[in-house]
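These are the structures in question, set out in turn.
The same chain A turns up in both complexes below, where it pairs with chain B and then with chain C.
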Partner chain A sequence: MNRRSRQRFAYWHEILLAGLLSCLLVWAWRTDPAFVSRDAQVELSTHVWELALLALPMTLIVITAGIDLSVGSAMALCAVTLGLTYEAGVPPLVGSLLALLVGTAAGALNGLFVAKVRVHPLIVTLATLAVYRGIAEGVSLGRPVSGFPDSFGFLGRGEVGGVPLPGLIFAVLAVAFSIVLAKTPFGRCLYALGHNETAARFSGIAVDRVKLWLYTLSGAMTGLAGVLLVARRNTAKADLGAGMELDVITAVVLGGTSIFGGRGNLVGTVLGVLLIHEAREFVSWHWQRDELNLVVIGALLILSVLVQRVLSSGRQEERH
Partner chain B sequence: MEQPLVRIANLSKSFGGVQALIEVGLDVAPGEVHALCGENGAGKSTLNKVLSGSVVPDSGSVTFAGKPLRTGSVAASEAAGIAILHQESAAFPHLNAEDNLFVGREPMRLGGLLLDRASMRRQTREQLDRLGETLNARKPLGELTFAQRQMVSLARALSRSCRLLIMDEPTASLSAREMAVLFDLIRQLRSDGVSILYVSHRLEEVFELADRVTVLRDGRKVETRPVSELDRGELVRLMVGRDVRQPGQTRATAPIRPPASPLLRVQNLTRHGAFHDISFSVHAGEIVGMAGLVGAGRSEVARALFGIDRPDGGGAELAGSPLPLGSPPEAIRRGLALVPEDRQHQGLALPMTIGENLSLAVLRSVTRRGFFSRKLEMVLAERLIGELSIHTPGPALPAESLSGGNQQKVLLGKWLAASPRVLILDEPTRGIDVGAKAEVHRLMRELAGKGVGILLISSELPEILSMSDRILVMREGALAGELNRGEATQERVLGLALPDAGPTAAVGDATSRPDDSEQRSRPRGRLLLRRLAQQREYGVLALLALTVAVVAAVNPAFLKLDNLRDMLVHVAPAAIVACGLTLVIVTREIDISVGSLMGLLAAVVGILTSPQRVGASVAVGVLVTLLAGTGVGFVTGLLVTLGRVPSIIVTLGMLTALRGVTEMTMRGEWITELPAGLRFWGIGTLGGVPVCLWVAAAVIALTSAITRVTPLGRRLYAVGSSPRSAFLAGLSERKLKLFAFTFTGLLTALATLVSAPQLSVIESGTGVGFELLVVTCVVVGGTSINGGKGTVFGSTLGVLLLGIVATVLIFLKLGEMSTYWERAIQGAFILVAVLADHLARRRSAVEVGA
Partner chain C sequence: MSRPPQLLLAGILLSVFLTGCANKPTETPPAVQPANTPAAGKAQAGKKITVCLLPKKKGIPYFTSCAKGAEEAAKELGNVNLIYDGPTDGSAEKSASLIEQWTLKGVDVIAVSPNDPEVLAPAMTKAREKGVHLLTWDADAKPDTREFLVNQATPKEIGYTLVDTMAKDLGGEGAQGEVAIITATVTAANQNEWMKYMKERLPKYPGLKLVATKPSNEDQKLAFSVAQDLMKAYPNLKGLFAISSVAFPAAAEAVKQAGKAGKVLVTGLATPNDMRAYVKDGTVKSVILWNTVDLGYLTVQTARAVVDGTLTKESKTLKAGRLGERRIEGDNVLLGNILVFTKENIDEYEF
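Now for the complex of A and B:
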């Protein structure tokens, strides 16, 4: 049995990430100063907001030792909902609300299977990844919908006081999520669930209800992300966000949230998102080869967990 | 005087400050039945585990057949000739009896390549006949009754020629007939010169079988005596001790209970397989003790009252109003609290801090206006730490840094914070030191004094006797009796708790055979459906036949040979990879990178062999592709086994990285010309049948053979069925999983070779979505994501089913819509499959998990 009697400094990982980020930015500045200019960064930041938004609920889910692979597909489904309703004459704001509803429903379905049918979230969300994407493709027949009014586009492209609007929305939500995680009983339940689901049940925590809410919340966020994405790109297509779930999970795991549950926070996630974003954008900027990104992200994901494992090798992992 | 077979000298072992064995010494002669007796916690299991190699003693030695025994090694003990029948099952629920008997040391033919099935069957039958067991040796163990599983475990222990057989409570759930057979066997073994170390609470068995008996008490050996010199009363007295150690003061005055209505009233509570018709009450300020042997059903009653398990009948009332059962939050709200017996797994979240653990059950009360108040939590924690004298520098330390006794106090404190009206304590002083124990007892009395009703479940007789106002004694799932404080003695309690030899009571039968009665009462139609759901392969086959029939009726062109052949060619790659993925999922892992790997390998073979590019020979192209695929699979496996990175992460990362490498290699260009030699692989025919079908058939046959007739195959299923039992049997989880991943890599390469030529172009998008398709086929085909279950046959059926569905969409003239809906349908298939699994599992007796 491990006895850790000294208090651990809890923020090594975040400091490490901040360090990596700084190194990256310094190197980028030395190589290509235009990259780190304010204008360039603001411009590039438009690529990251959906990823950042989805990383918020994903952090919570991974803390409970769960996973949600369907976020990209659910987002596409919401986007398609918005597009098709707009085509049918519904004002985009109403369409956005419908999209939010669809996302929430999608998340709730995940939650039902995870909590009530008690299927491993990996399998459920692997299946819904296909189902939601398939429905999006089937219903829209692959056709894009564009031509949204500028007023709507403001949601995705507008700035308020020099800060992109999606960025503001993200900031507000990030703070809200942090507060929920760190300062509410619900957040405490999540950590307990991740550490020891059995003990959580025995402690009177309504584990099934928590899980249901969590996945539903994730679904709602995919709705929001979908709406913002459509507003930004002025187009709603069924293939939006393909592969996004991988980026989100990488950002969360990179940010220090343990895939086994019980540990993690949103500061780390935000740093993880930033790190991935800057690495990716710089690779595109400098080498102009998007494919290299994929390799970098994939390798980062594996490495971050490998390092976590090596560092915590004192922990008992499998009980026999 | 003959030399003893086993000589144990000065054996000591402590677990976290609690002495389990203190300088124990004993001898076992060859050909002797030596009984080991003592109360729960006396040290018997620890002694057994030292002998069998699972536990390393702190000091002392074991000499076996004149030679020192290397302790702490299961292999060394087995090699020396020690076999053990564990009390808790170390079996594989998904494997049948034959496999359970031989996993890890299978009889083999052809130099270790094939299983000697005939020999296995024969030997299994022999062993089972020896035990008088007529069970079906082909059924998975999880579908047998508990008694039958015990017999199989026994058969496994016996199938090795051993010199010492340790049996820990072997008759726990056996009927009279099975027990008689067992006793004959034991006598037979004894006359063959095998020694038996026999642990049992059933003293009649000790008197019937044993030559000598050793009594342990509180970790020490009391005495070893020939059985002929003892009678039951004396044996009990030895177990219990003439001078009963008083752990603390008895209650000074027996509080007079006003004839008020009880605080907690339990009525006819029943749960199949656990307990039956339990009724009792607890009054305010009363401490009711619940005594009984391990497995008597006490913890199960507690769990049912608290709402963790749902009872099958009966009810309870708390403070006069009915207590809704099945919801712990509700129970807490009404004022009921349970301190569970397993503090590590059920009680505390060890990595969390002491303060966090203390507030876990009362989160609402440390919340102000929706926000969690650290200050309130700190106040609560410090108060509890003080009240309970928890020895810790502060509440911010992780709970796992505390000693056992202090951890138990934290667990208690957590529930005290909930201010319960009725507190159920399950083994509250197990494994903690004397000082902490005394404090817990003091606390209990204080609480009772304040009017809290306490139900104390304990296996320690002195504790029960000194603390309880009334004692309920449970035996084999029923209430055997009730004793008041005045009339209770250790002998009387033990007398009620110990089962008699002979046929177990009615509830014992209910305990052992739940599914038989269930089956009898179900109508035949539902039985059939259940079988279909459980035997997934049959269900899929039925669905397959149905679909084909329907489509053929709608559009007869479907049944044309050309069309069928095209369809099979189309699904051949998926069928090939599904074989590998079946093995991976059976071992409780997953691989979602196969599609990306395929894309990469397609690029590799394309670049190498196309005259547009490198233009190497087909042979080179094929070889490199096979090597590359195997290599990537191997690396994936290494990361999962050695790196201990969860397979979902590794393969998720691989999925992206490989896709990136592919795109970088292809640089956005397409390959359109492939050499004829390569095209032969995919589109060529051999004897009229396309080559790809030959390859697929060969792979399916090979993988099927691996799973059915090789030791490797059986071990893969064993590892997935129960990693813990696999560990106990000495299997290498790492090597087995590494094989599964490497094999899948090889098969992916093969699938690429077979499919690439079918495409008119190779581009970097090749293979996208493939992994989902294959996982769907495997899961639909009956392979369980929890491991241990699934067949190559089922996966192939899954592939065929999904292939037909894809073709159907075309034939139903949906046109281009079919491709769009294909993915949704695949995903829906998985959801339906897991739903079906869930419904089937709820009624099935198969155990899942380690």
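Now for the complex of A and C:
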């Protein structure tokens, strides 16, 4: 009985986010009805898919009290891989597979350093943030590659039954990630790891292997996001997704995942991504001021953390 | 400890998101108003229109001064609603997103200064398909993605003027010494065109030897250190061309701090306000630029004329308010008149 009521409390943050999101959409609907029309929303949604895809593995990583700062750079590296192989005459679909491989390898490298060499993920991925971007710029010399065939562009711009294809991919993966996190031993291990790594280790969890897999998974997702981004923009370039890691982490934290690990879920992340996306698009739609966007995102983050504090102070003894 | 409500919630949310608030469209008007279809184009002559001006990067003096001129033209015309916005970080992805958003809003004209023609091409093409008039200004995009380019000056004039000015400041026809170029990015279309003509002009001054060309990625700090590196690598360096408005002040500052003012001459393109201090203390003898305020002004005038149908592919001149008649070459509307600012005249210009 007592336990159940506490379970319900656990979703206050999601309810808060959903409330904020509805307020925003209602406000948008009253001031700029065109903004919430189906056409506009579908079109604008194309701006968010890479961020959304990268937020999925990032949630899992942050739950383990880790972090991956290299996602934006790794995505650019994958995009450049696709671009250069296409230029060399490799069909784009094969190039996409190669890009996925490069992304996976980049993630695995992060994982190796985190799990085997036991360097803090913040440091490892801060280093690879620079390294991957450097390699991408080095091998491409900053030159953009474009002119991909329309059949490939469909991957990023196409619609199936009125729903953007990247959106479908995201939906499937979001459900898959949710199931993995909530229902599988692997997913439960992540929470254990985030709460107390030493305890997790002693209770027989193969901590190192879990971490290696986790960062590799994140790398593979950067590959997928990179391919979709190239398909959508029809251009592969080394400066794609610069600064993206901060947006991704902001969405995850806004979604209620604790940066100290052990707490969080994907519903929150999806809501966080949605809220950031809608807020950003509406601000630039309504006020036409790019500089205002940064302020709004920051304010949202502070607001949600503050409310989270107020909500949690009453029911939970402070952690650590 | 399974969490069924979490999955359920996720499912509901996703379906709401993916259908894009499908419960609302019946109550909302279509995003693109019929008045903007090409067929209705002529009917809009004289009516209130919305013009979007997209800079490469928002918040730098060069583009802020362009926006000033654009606002002036909008006010003067009285029937132009001007939107000026762009990425504060110069990101091409953001520029593309803005073009897509403006297309959805159903604006009449989008005037783009492309920070990356390739990345912007799909968004620009889509906007044209939806009936929006597409112009470029300040820099060009791929020719099939726009109707007209509002061109500040031909690349040939700019390239030649840069070299001629440097030679003049270094002692005229017989100028001697090593010179280097600091450009924007390796892919910047403008700068690459100018450099082509600079290299074409250099042989006129056999004493000048081009020793290096380095990118600065429109980054002030990088331009500063590139200038420092160049002075170290080439101790006999006599002249530095800094051919972007971000690189020029940074390079001048580097030369000044190295105590080489007067020994290494810097010239390039930037607004007079940015360079005034360096011109007065002698680090820089000449600053080359067109009137950026007029460039913004002319762009809005061109936008109006395109919507009104007074500017077509056959036009030879354009009546542009206080600028009078401006020449048109092909699909380029020319601003003309490169300005050279020196100690003597720089105080006459405030932008």
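Heads up, the rule we're going with is that the second predicted complex is superposed on the first by the 289 of 320 C-alpha atoms of A that agree within 3 Å, B and C clash if a C-alpha of one lies under 4 Å from a C-alpha of the other, contacts with A are read in each partner's own complex, and residues count from 1 in each chain.
Going forward, a contact is a pair of C-beta atoms (placed from the backbone, for glycine too) under 8 Å apart; a residue touches a chain by one contact, two chains touch by 3 or more.
Computed from a predicted model, the values in this text were never measured in an experiment.
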| item | value |
| --- | --- |
| Touching partner for A:His47 - first (chain B), second (chain C), both, neither | second |
| Partner chain(s) touched by A:Ile259 [first = chain B, second = chain C, both, neither] | first |
| Partner chain(s) touched by A:Gly243 [first = chain B, second = chain C, both, neither] | both |
| Chain B versus chain C as contact partner of A:Ser146, first or second or both or neither | second |
| Partner chain in contact with A:Lys183 - chain B first, chain C second, else both or neither | both |
| First, second, both or neither for A:Arg118, with chain B first and chain C second | first |
| Chain C versus chain B, contacts on chain A by residue | B |
| Touching both chain C and chain B, counted on chain A across the two superposed complexes | 141-142, 179, 183, 188, 243, 289-291, 294 |
| Chain B residues touching chain A - in the complex, by the definition given at the top | 16, 306, 308, 327-329, 331-332, 338, 340, 345-352, 356, 359-361, 363-364, 366-367, 370-372, 396-398, 400-401, 414, 590, 592, 639, 643-646, 648-650, 652-664, 723-724, 727-728, 772, 775-776, 779, 785-786, 816-817, 820-831, 834-835, 838, 850 |
| For the chain C and chain A complex, residues of the former touching the latter | 1-3, 5-7, 9-11, 13-14, 17-22, 24-25, 27-31, 58-59, 83-89, 91-94, 96-98, 100-101, 104-106, 116, 118-119, 121-122, 185-187, 215 |
| Touching residues (chain side chain A, partner chain C) in the complex | 11, 14, 18, 25, 29, 33-34, 36-47, 141-144, 146, 153, 157, 163, 167-168, 171, 174-175, 178-179, 182-183, 188, 232-235, 237, 239-243, 265-267, 270-271, 274, 281, 284-285, 288-291, 294 |
| Touching residues (chain side chain A, partner chain B) in the complex | 1-5, 7, 67, 113, 117-120, 122-124, 126-135, 137-138, 141-142, 179, 183-185, 187-189, 191-192, 195-196, 198-206, 238, 243, 246, 249-250, 253, 259-260, 262-263, 289-302, 305-306, 309, 317-320 |
